[in-house]
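Each of the two complexes below includes subunit A, the first together with subunit B, the second together with subunit C.
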Partner chain A sequence: MVLLVTSDNEQFQTEKDIVERSVLIKNMLEDVGESDQPIPLPNVSSSVLKKVTQPSTGPTEIDVRGRYLSTASTTVESPSRPPILEQSQDETRKRTTDISEWDQKFITVDQEMLFEIILAANYLDIKSLLCRRWLQDGSQHDQGARPPEEIRKLFNIVNDFTPEEEAQIKKENEWAEDR
Partner chain B sequence: MTSLSSPSLRLNGLPTDILILILHELLLVDLSALSLTSRFFHALVNEFGWAGYQRKNPRPSMSLLKSRAAWSAMDSVKYDVLADRSWSQNDFVARPLASPWSGKEQPILAISPSRLIVGAGNVIYSYTFGLSTNGEAPPIVMEGSCALITLHDRRSCITALTFIPDGGLDQTLCVGFQDGSFERILISSRSKHQTNTTLHVHRQAAHPLRLPDKDFLESLSSSRTSLLSLSGSGQATFSDIETPTLTSTIVLGVRSWASRLCMESTSPYAAFGTSLRATPLTIHSITSDALSQFPSAILGQAQPGRRGSAYQDGTMEQSLSTISALPLGVAPPTTGYRPLLRPVLTLDNSWSMEPIYSVSSGGGSGSYVAAGWARHSLVSMWDVRSPIGGLSVHAPLNDPSPVYSLILESSRLFGVTQSRPFVLDFGPGVLESTYPALEPSTRGFPGVTAENTIFRGSTQKGVDDIGYYVTKFLHPSSRTKVRA
Partner chain C sequence: MSAEVISTPELLEQILVHLPIRDLLVAAPLVSKTWHAVTLSPALQRALFFEPDPLASASTRVKNPLLAETFPPFFEDDPHWSGNLEAIESMPWSKAPDAFKRQEASWRRMLVTQPPAQTMVIEQEVSGMAGISERRAVLKDLSLRMGVLYDTIVPFIEDDVVCFRIQWHNGIALEGPGDLKLEVGAGYGCMDDLSRTLGGRFHSDGEKVIEVPFGKWETRMWD
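Presenting the complex of A and B:
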């Protein structure tokens, strides 16, 4: 167990393998060695840390290409349906079997929390939390990206394109549509 | 989801470096959608998104390298995505790159970011890679040819060919002849006014191999400033390009076919493909500029009994090309310990019982393996992600020949038969002018006329009459699936 102390001075006893998802903490532990000393996290509040380290329900491996997980087995059998247009270098790596409920709950935190989590993930160096699911439609994992309108709404992005510009870029990006 | 309107909670309120990190996790469709949300994100995706995507999804290709440098990251990703899509649809343009040679040759190919070189008999043919814009495929232009020895003697045939580093000029070749002699060839750049197809070269004899009678040079491979040669009887010589007299030689003592040198690895190695059934492919580490006498790893066959001798060369070659995928760096280079590595994947097209003469890997998504068979200019291609399927193609004009050499890039497969080189191009934007125009020929394939030079059946690309007709068939398992 590792003792973490957040910015609001709360203490957390956390499993070592969970905190080691954070590259920052992992390196710290390696540098310090076995110790009972608490690790201060001055940039992370307790509410955020709870989200980041939820122990038993957290995904052990977040696959950013999660939406293909359900089709992975069929593509091997059926070359007529091209295996995936998203070619990660790493298609063969071990895949988790499903997008957990955890993920869905995770993305439905309010936006303020979501940004704090992103910032904390960056500070703690947890790559898996800096992932595309922020843009993905939480209810329909297999449907690919949210439409731009939804992304705008979700993140308060102001559309400053002229309609002509928007149509132009849409046309330029046609090739990227999932087929 | 709570919608908060405080400006600090806008996504673009996050530090840009974090946004860029997030961009790097995104899929194509996400990048596209995000770039459509606002000017800020459009700019961010254009500046960092596509380039990040490209880094995570590399599609190595020599013939595209120079054009890519001129393309935007988005254009590059677009080219790759469209090429990958054509691969998955078995959709390509097939072109011969030359009129047939008068004799039957056993040619070989070598490639650099500037040129494709074909060595056939005692002649080298050079093609240069042009630059392209506006979504067109980078053109391939016949630069010229040059006979290295006027007398066509069997012992003076080119049997090995490799580019050697010359600071990015891509004009220096090491050419090996059957008798074990070498030449360093410097190709002079063409002047703009030159109209004939003579390739001007500067030749310099290099330190020859001392090969026993009846032995011959089989293979040549270079890496960084080192050169590795292999004779048919299994004499392997490792040397430095600048000081060719300092050599390290080992004798494998078996009929040997193929070699590969890798000096970039943290533990440099040489790999040899031989006819020895128990140890068809061996890895020898290189320490202090010397080849180790004993292999540090041996790649075995899946089921030695099953494939039989007819497959033997093929299996070896095949393993040789996929070798870089194996964790060679971890094999301890001690002489006593020789792990026997079993293949994790065996590919066949279940129709051809012939030996495989050539093999290369790359292709769509970087996940294809191509093999050239001993007869009917047949090439098979497999996607290692769905290896039971795959596609076989007879090279354009169907030369009754083995496919002696293959180079597979992300979008193009270069190959060569006894009569001519050819290309299968899966990339977008192929035009009539992308490849050299050829005199109409009927040699070896009566009945080739304008009417049956149709192609790339799909109208989706909007191209017609650019490719040559080729016979292609899906491997049995794919065909079943197509019907299902």
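Presenting the complex of A and C:
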């Protein structure tokens, strides 16, 4: 078990293999060696850390899924993990559906939380899958990207292009649009 | 804290680099000026195959997945001569010719592989009733982009008889020099219908004439 201390001074006892999905923490643990000393995470609040480390609610789970799925590693017996991990490798279709449903639920966290989680995931270096799934459309078509309008809406971004600028960029890359 | 990540270019870049190439090309630059600027960063330009990746290894050359999907006859690494008029006409190009034709279409600037292919061997073979003629050329220092590959091949596709294939050097498959070998062949008989040609629809407005430094034709007559 590893003891983590968040920015608001809350302590979390977490399994080593879970926290080690964070490259940052993994490196810290390697540097420090076996120790009972708590690991301070000054950039992560307790509410965000819960999201990030709690199995079945946090982005690490998606990371875990990605890793287990891609390496075809053995199943991990843990009641706190989502049932996805107990599935056999050939249930690809079901898996895809599950991930999409999970995303849908996850994406309903409020804006502020979403940003904090992205920030924490970046800080902890567990960002890859998590961030990518946010940009893609997790709710309807698992394959497609979010159109620019939706990305703007999701992250509160103002479209500061003039119509001419926008048209010019679109023109260059229109050939690659999904059709 | 809120928009901090998304408005911090370094962090945004870290996120975008994980996007599939199509999304990185089509969606990301259109979000805002900041996003557009971030897609111009060296790391993302490499991910988009616009800039050579100095870390890419020649022994594991990666084909541009978006181009491979969009220009199949140019990427099919098979022993068959599957590149021909019909194969070109059935590319996604046919569904949106205007988007592909226009001069500024970004596929022309895209590297065909990472690391970029430098040397292309071209072999042309024409056979007819009397015999067979062959000639050969080597193009060097290409840093091959799709525009050049397209402009090199398409002029050969004059009629329905010509076909081509590309073999990629991956350490085993291709013998001899060259990162890739383009073979163009045509075997003419007396019954060929030569009236069918590649329509102007497949002409790129950005086309540049590629001078291919062919050696002399070498002809062997049929016995």
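Just so we're on the same page, the second predicted complex is superposed on the first by the 126 of 179 C-alpha atoms of A that agree within 3 Å, B and C clash if a C-alpha of one lies under 4 Å from a C-alpha of the other, contacts with A are read in each partner's own complex, and residues count from 1 in each chain.
Note that a contact is a pair of C-beta atoms (placed from the backbone, for glycine too) under 8 Å apart; a residue touches a chain by one contact, two chains touch by 3 or more.
The structure presented is a predicted model; accordingly, all values stated were derived computationally and were not measured.
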item	value
Partner chain(s) touched by A:116 [first = subunit B, second = subunit C, both, neither]	second
Which superposed partner A:153 touches (first subunit B, second subunit C, both, neither)	first
Contacts of A:171 with subunit B and subunit C, given as first, second, both or neither	second
Touching partner for A:161 - first (subunit B), second (subunit C), both, neither	both
Subunit B or subunit C, by number of subunit A residues touched	B
On subunit A, positions contacted by subunit B and by subunit C	111-112, 115, 118-119, 122, 131-132, 135-136, 145-148, 151-152, 155-161, 165-166, 169-170, 173, 175-179
Subunit A partner contacts - residues on subunit B that touch it in the complex	1-5, 7, 9-15, 18, 21-22, 25-42, 56-58, 78, 81-82, 84-85, 87-89, 364-367, 383, 385-386, 388-390, 477-478, 481-482, 484
Partner subunit A, residues of subunit C touching it in the complex	1-6, 11, 14-16, 18-20, 22-23, 25-36, 66, 70, 92-93, 95-96, 99-100, 102, 104-107
In the complex with subunit C, residue positions of subunit A that touch it	111-112, 115-116, 118-119, 122, 127-129, 131-132, 135-136, 145-148, 151-152, 155-161, 165-166, 169-179
Residue numbers on subunit A that touch subunit B, as the complex places them	64-65, 75-80, 82-89, 91-92, 108, 110-112, 115, 118-119, 122, 130-132, 134-136, 144-148, 151-161, 165-166, 169-170, 173, 175-179
